[in-house]
Amino acid sequence: MDVYSFLEAVREKSPVVHHLTNWVTIYDCAQVVKSFGASPVMAHAAEEVADMSGLASALVLNIGTLTADFIESMKIAARAANSHDIPVVLDVCGAGATPFRDKKCLELLDDAHISIIKGNSSEIARIAGHDVRTKGVDAGHVGSDLNGIAAELAALRQCTVVITGKEDIVADAHRAYIVRNGVDMMSHVVGTGCMAASVIGAFVGATPNDITSAAAAGLCCFEIASELAVKKSRGPASFKQYLLDYCFTLTKDDIVSMQKVGQ
Amino acid sequence: MDVYSFLEAVREKSPVVHHLTNWVTIYDCAQVVKSFGASPVMAHAAEEVADMSGLASALVLNIGTLTADFIESMKIAARAANSHDIPVVLDVCGAGATPFRDKKCLELLDDAHISIIKGNSSEIARIAGHDVRTKGVDAGHVGSDLNGIAAELAALRQCTVVITGKEDIVADAHRAYIVRNGVDMMSHVVGTGCMAASVIGAFVGATPNDITSAAAAGLCCFEIASELAVKKSRGPASFKQYLLDYCFTLTKDDIVSMQKVGQ
Amino acid sequence: MDVYSFLEAVREKSPVVHHLTNWVTIYDCAQVVKSFGASPVMAHAAEEVADMSGLASALVLNIGTLTADFIESMKIAARAANSHDIPVVLDVCGAGATPFRDKKCLELLDDAHISIIKGNSSEIARIAGHDVRTKGVDAGHVGSDLNGIAAELAALRQCTVVITGKEDIVADAHRAYIVRNGVDMMSHVVGTGCMAASVIGAFVGATPNDITSAAAAGLCCFEIASELAVKKSRGPASFKQYLLDYCFTLTKDDIVSMQKVGQ
């Protein structure tokens, strides 16, 4: 896969990425999109989300700090995105932690077409119907085979499924990528999962005709930046700063020499 | 203009700056105010905004992640600020992106006296009645002369108008300053525009009898800090950290040797 | 006091710390908990807060950007925490600034058992019934003896009281600790008070059978990290980054050689 070409598309097209996301990591979601050269916009009022999605190239939904009203705004935004034929990324943050989260995720999935469902292992397993628990927003134990779960959910929802973890799985009904970049320090930083969903939004916004490859390329670039960042950092906070800086300065050479995307 | 004297006033008086702002950049808005030596407070419940504005020296409104209810709280806060005779800064973030934003900005402007309207070129042009579009929250193309638009809106609304960009315009009915400090890296960092509005709030809170000069001085100080920051930074995230550190450590010497404020 | 043993418990047990907190410092509250090795989760929908508290080891409530609805969710969460016998920390952020804040704090205190009430001097004095004013969210003047106020409120509410300041007081009905670590730079950074409440949440979540000691130990660790951070930093933003990094890397040696906890 020519990962760098996907990054080049983001930098050239600077897609607007509309977010309805959580209040914890909203800044970092916006900044990571901007660091990659795209244009983030955060707006959630029911009265304007359709208009905002209408001028965007991708929509990112993240249920981290959901409320019932917020989910209704997400539905309006997702339907508008569908009607404009722009990709919709759903981060099922915390699915498996409470029945309310599970219910609202399923409502979103039933109400509009979601292009990419993204979560950690227990979040995705829960949305695929497995009886697992998520520890707040950190992954719980998942007994089953993750590749199988990704393929199962991709087939069920006719979409791309992303499971983040030590290795990331990016699968649709026809194929699966494995992204082997990334570092353990990401798990010590709040919001790296949310940022990954926003990065995917920027990449699929720039290359909407091949969203599975674009999602894998986006994750790969983000995680290459993490590998560069961890060498300079002293802990999670300096790591996040280097990460956001390297997303901005990543070169073709960095990508070509470091990418680890398999099938 | 003796820019440093305005900074000195902020540090000496430590004005309380009450914000109703967006959820994306709320932390940075608070921190930049604190870095300059003032005291930020963020509160938006309809039941308390009048009381909070009553103990503040300036009020900053930013519609970045507006909802209808939030705008109602802004109206209460703005009327309270008017009755206490403290300056009100309105950042018309995203005006020109959706009809809802335009409508709510105009409601705010009609409902209370706004002392300073601040935005990028397309946001201000839209509020001045021009037919332009904002690309999410990033400036769209504005054909007309920006100085003219600023003067026009200042006359129409009897206020000071700030247009941020490569050069910033700070104009009221009688005069206009041009602030020529600042660096391009600011456009790669989420929230520098919002922070600029909060900085203006701190400066006009300390010098309420000359808000046009205070606004220009505040922008100048913020942007001198950006010029110092960019020399040390490796990307947008380290840049923002240096920026917030330099706002805290700016010296008289920095200001006097670097200020570029013209008329 | 063996402060390090409390830090070890946090790192070994990695307690889930459920927050209903403010939108300004929510990220830093989550990250400081994660930096110490615990697992933060932020969730405020009335429909799920009881479930989320049910899987947590501690609950942290912070009224910084309160609304009436948000307080209702806090009540549900606090009652659920009581029924699961997990400690509840309440940061009475801004008490004494507006009547609405005072009223809502008292409602929370009357509605469920709060294990730890935390605030700065004027916030705590106000909640203890004294006629003092808070300057937004920064401490106002408190004439009376702080140790007396802490003991008085601890007896009244049958809880532990934490007053943060140059020296921190951690008192229950039977004893009081004084934590003498910390640096003045903390007062120039937005959110260090909120982060302190979250740190207390992580420590009491790991050691729920001795919450007064755990709270003092948590503050001590956080403030030792601040002492290490200030030596490296250039201003408030770099200071915060070093602070969050040092919370992650603190060693037994750091704690033993630097701790200043008296009685």
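The letters A, B and C name the chains in turn, as written, and every chain counts its residues from 1.
Throughout what follows, a contact is a pair of C-beta atoms (placed from the backbone, for glycine too) under 8 Å apart; a residue touches a chain by one contact, two chains touch by 3 or more.
Everything numeric here is computed off the predicted structure, so don't read it as measured data.
Asks: If you take the chains that touch subunit A and keep only those that also touch subunit B, what is left?
Replies: Touches both subunit A and subunit B: C.
Asks: Fitting on CA atoms only, what is the rotation between the copies subunit B and subunit C? Please report it in degrees, nearest 5.
Replies: Between subunit B and subunit C the superposing rotation measures out at 120 degrees.
Asks: Starting from the mean Cα coordinates of subunit A and subunit C, work out the distance between those two points in Å.
Replies: The computed centroid separation for subunit A versus subunit C comes out at 32 Å.
Asks: List, in ascending order, every residue of subunit A touching at least 2 other chains.
Replies: Subunit A, residues with two or more chain partners: 23, 27, 241.
Asks: Please name which positions on subunit C make contact with subunit B in the complex.
Replies: The touching residues are 22-25, 27-28, 64-68, 94, 97-101, 133, 135-138, 188-191, 233-238, 241.
Asks: In their complex, what parts of subunit A are in touch with subunit B?
Replies: Residues in contact with subunit B: 16, 18, 23, 26-27, 30-31, 34-35, 39-45, 47-48, 51-52, 55-56, 240-249.
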